[in-house]
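Next come two complexes, and both contain subunit A; in the first it sits with subunit B, in the second with subunit C.
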Partner chain A sequence: MIVRQPAEDSRRRGWRQLGDLALRLAVLIGAGLVWELYARAFPSLFIPPISAILANAWDQWVTGDWRALFIAPVFLEMLAASFRRLVPGLIYGAVSGIILGVALARVRFLGEMFSPLIQFFRAIPSSAKIPMFMVLLGIGDTMKIWVIGISVALPLLMNVMDGVRNVDPTLLAVAKVYRVGPWTRLWGVILPAAAPQTFAGLRIATMIALIVLVLSELTGAADGVGYYVLYAQRMFYVLDMWAGVLVLGFIGYLLNAVVSLAEVRILRWHRQSTSTAR
Partner chain B sequence: MTAVMRAPDATLSRRLIQPRPVLLGVAGFAVFFLAIELLSRFSGLSEEILPRASTMILRTLELPAQESYVIAMGETLWASLVGLMIATLLAVPIGVILGTSGAAYRAMSALIEFMRPVPPVALIPPVLLIMGAGAEMKIFLVAYSTFWIILFNAIYGIRGVEPGLKDMARVFGTGRTKSLVVVSLPSAAPFIFTGVQIAATAAFIVTIGTEVLAGGSGGIGQWLMVNLNAVTRREWVFAGAFGAGLVGVAITGLLVIIGRIAFPWSVSNRERAE
Partner chain C sequence: MSTTSIESIDDVSPSVNVLLDVVGLGKTYGSGHGAVRALDDVTFSVEEGEFVCIVGPSGAGKTTLLRCLAGLMTPSQGQASIAGERISGPPRGLAMVFQDYGRSLMPWLKVVENVGFPLRNKGVSKAERRERSMAALESVGIANFAQKHPWQLSGGMQQRVAIARALAYQPQVLLMDEPFASVDAQTRSDLEDLTLRIQRQSGITTVFVTHDIDESVYLGDRVIVLTKPPTTVSQIFDVPLPRERDPISTKELPEFAHLRATVMRAIKTL
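Showing the complex of A and B:
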């Protein structure tokens, strides 16, 4: 059914989204309240009230300097150290995963040859890959970027392969009949058709990347958010430790939001074409 | 479609064991390990950094005879399994209840959205402080991190039940509770089981990650770190990781087989039968 949506519909959708946002805020505040009440009801050295954690984080990380957007340099340095490892790892992993995935799906012989090997390496838990790469590359940033890159590339690659293999054969045949060149066929037919599965893989991959980043910063680092949490734990700075955990959660939320946003933007055509087909 | 095109004399056994992919797969492994062997011999890297591929493979084969490794693997698997069981027993009923109620689902999905991005390994330092290094800490972390995965799949599994099926049950006069047990649960079960499968992989990762970080908690993670720090046993780190990979493959395979036997009505199983 192709019916143009009237303006009222979009307005109603706007209200629904606002309601969703309110609900989310309410749930977040509710969860904070539960924590606060629990910590006050059962006082423990290691589980302080969330208000104390937030107040401590505010004292440390918020300054009166408006030129730095009120953010203290220590906070930025900590984030920068983590992102210096996370972002290159993610990009190398995503790019190589997509390229290899397309290649292994299009060249059948290569796919059959290397799929078992890839499955095997994917089955090695990323936490067991860290010691392995520590032997190969030491404990520096190179090791962290490599482990993140490989932990991202392997699952993504499998998803891309699946997506490319399931491209509608008719589309490829039509492209062939119209003598569409291989480059246009790749960008115009194959990659868009495999995009939904690629994004599904990317979502999983970013979560894995964050886990590996934290693990690698906990095993050997001198800066970054993971190190901050570990250092605070060793020094019994319990408030700092929980603040660091919250920052890691926030990074995870941010990463997820970025991928979702990119997915919605890039896959808009896909949702439209599948919804009109119904 | 493909079944029609296949030659009529293709027997089941021939379909199960296809020589070409197996041979090609073996060739893939051979190419990779040959490259490592050559790199190790001629790149000038010391064997403490990049051991010979032949040594790695040999050590991997020797793993079952390494008592410390077998014990460590047992500890890792035990913590993963117990944590996963606890998470499943809690998450499946809660997920089913939340999946049937619209309001609860909306509130809960917001909470899940906030809890899921927190990397479970970030909780290792606080949990270490609270519980100390040991099996309980590992089990708690595994249960916590896998709980969200299974819960998510349980909720979506129940919500994804085809409305037509539920309508039909209502037309036949089936009550709400009976409809849940007879229609929704069997229909959602394969999807929920997929959640358990994903969670099993995550459990293995979290257990080993905890062991890598918290010395004194035993298991494969600690075994790897001990061998990493003993300079003369560096090749065992590779072997140990490969061993963990093989066990991971075995677990995945086992769960797939369990899924096939337990849920023969799932879509993927029906497709295979055609």
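Showing the complex of A and C:
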């Protein structure tokens, strides 16, 4: 009958979560320590100690100006340049990927007609799409947004199509028998049922978006985090290069966290229903 | 094959209100050499307020028949009509309880939301939707689980939710497709009595498909026996039992045992 109990009071669960967090932080700090010790034990120009990297980043990116939250304008400009490309690319790609995925899965002849074309486009590596779009759209932000958008939309679309096609036919029959309108069928049955796979696609898509962002900034840009990394590497500013790489890692982590957070909220039913052994 | 019983019903009581009328219904899957004739020629009618059970050997196209009645499938021949209106696509005022309860409820909705789901965007206010859902849950005895999710409930409970969903819809006709085939015996008996009680209270015309002969005799006002595919109606039996039924005393009546044996023989000798 009723399976789960609210039992375990929230205070105890709170402590356990805090313990988990502490453990994860410890592993992270431990990894930093290993790096630090290694770099000090085997000094190399290319693998500086992490303390030196952080100190250098601090010098460049942190100011004494509290009104700017101690963040230096150069850092903000660098981030802004990247986010100006990343965020619209992600949003356009995600929205069009979901819309197209649902349409292609629901309208059979559309799916059949377009699937070879999509497969073909998807097979072209994103790094090769950049020169292609450069020819078409120049080297500006428009090109970068398009490349990110398409690199996001294609894999996401495949996932959404899969999810929509695998909606349980019984649920669709229920919707039909009870004469549910097309709008309710879409928002009340198809999209929620396809949500787990959509989110799986979205996770992959955000990671791809970051990769493509950096690639596009390596080829035709004068600002942004990707450009910063490449420039620093070319100039042998090794400390700067490492700092840029760490920033990229941080952005990726943040993006993933945002998607996870949305997923946890929206897919609570899915996690719990699949973990309920019956 | 005795078509007499079909005609006799129409002849004897021409004044009763036929709500569901099935005439020469046939369904063929596929075409050419691979074609499978699931339903050949099915004819019967159901009166308003009646509880009709349909039994037949496994693979007799019972589910196909029900899907045609629900408008989920288009028959290849013949037609079915509700209140004189030919069924093409899911008819108004028809509810259905599916066999796999686990897959007919939406796991992302709470129980009460599942029950109210068919009433969304139907000109039913939110308050009324909630009220009707809660009343339906009340009548199947699981109002206190309204805020749970379906997967937190047992199979029998989930099927109660599906029945509540059908009730909240306030249908004219209720189709039930082997609804209790996969619950344990005790739960099944409880659900049968629940279904009977609700049918008597609401007077909803009910067509109940099952492969269980006991169940069909215990629940039905009439039992329709189908043949093996290509399926036709083999026989129709009136159930000579009092309308108030009890899982113990009804089943020890000689009429029950006799009809049960007769139906079983009818299926065995197909």
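Quick note on the criterion: the second predicted complex is superposed on the first by the 262 of 278 C-alpha atoms of A that agree within 3 Å, B and C clash if a C-alpha of one lies under 4 Å from a C-alpha of the other, contacts with A are read in each partner's own complex, and residues count from 1 in each chain.
Definition applied: a contact is a pair of C-beta atoms (placed from the backbone, for glycine too) under 8 Å apart; a residue touches a chain by one contact, two chains touch by 3 or more.
Since the structure is predicted, the reported quantities are computational estimates derived from the model, not experimental observations.
A.B. asks: When the two structures are overlaid on chain A, which partner does A:F42 contact: first (subunit B), second (subunit C), both, or neither?
C.D. replies: Neither partner.
A.B. asks: Between subunit B and subunit C, whom does A:L28 touch in the aligned arrangement: first, second, both, or neither?
C.D. replies: Touch status of A:L28: first partner only.
A.B. asks: Looking at A:T170 after the superposition, I want to know if it touches subunit B, subunit C, both of them or none. Which is it: first, second, both, neither?
C.D. replies: second
A.B. asks: Looking at A:I130 after the superposition, I want to know if it touches subunit B, subunit C, both of them or none. Which is it: first, second, both, neither?
C.D. replies: Only subunit B; A:I130 stays clear of subunit C.
A.B. asks: Which of the two partners, first being subunit B and second being subunit C, lies in contact with A:M241: first, second, both, or neither?
C.D. replies: first
A.B. asks: So, A:F114: does it touch subunit B (first), subunit C (second), both, or neither?
C.D. replies: The first partner, subunit B, only.
A.B. asks: Give one of first, second, both or neither to describe whether A:I211 is in contact with subunit B, with subunit C, with both, or with none.
C.D. replies: first
A.B. asks: Which partner does A:T184 reach: the first (subunit B), the second (subunit C), both, or neither?
C.D. replies: Only subunit C is touched by A:T184; subunit B is not.
A.B. asks: Look at the residues of subunit A and decide whether subunit B or subunit C touches more of them.
C.D. replies: Of subunit B and subunit C, more residues of subunit A lie in contact with B.
A.B. asks: Which parts of subunit A are touched by subunit B and by subunit C alike?
C.D. replies: Comparing the two interfaces on subunit A, one with subunit B and one with subunit C, no residues are shared.
A.B. asks: Which stretch or stretches of subunit B touch subunit A in the complex?
C.D. replies: 20-21, 24-29, 31-32, 48-50, 106-107, 110-111, 113-114, 116-126, 128-130, 201, 204-206, 208-209, 212-213, 220-221, 224-225, 227-228, 234, 237-238, 240-242, 244-246, 248-249, 252
A.B. asks: Can you check the complex and tell me which residues of subunit C touch subunit A?
C.D. replies: Going through subunit C, the ones touching subunit A are 70-72, 90, 92, 94-96, 98, 100, 103-104, 106-108, 117-118, 120-122, 145, 148-149, 151-154, 157, 169.
A.B. asks: So in the complex, which bits of subunit A are touching subunit C?
C.D. replies: Touching subunit C: residues 1-4, 168, 170-171, 173-174, 176-181, 183-184, 188-189, 192-193, 195, 269-270, 272-273, 276, 278 of subunit A.
A.B. asks: Sort out for me which residues of subunit A touch subunit B in the complex.
C.D. replies: 20, 23-24, 27-28, 31, 44, 46-47, 109, 112-117, 119-121, 123-132, 134-136, 207, 210-211, 214-215, 218-219, 226, 229-230, 232-233, 236, 238, 241-242, 244-245, 248-249, 251-253, 255-256
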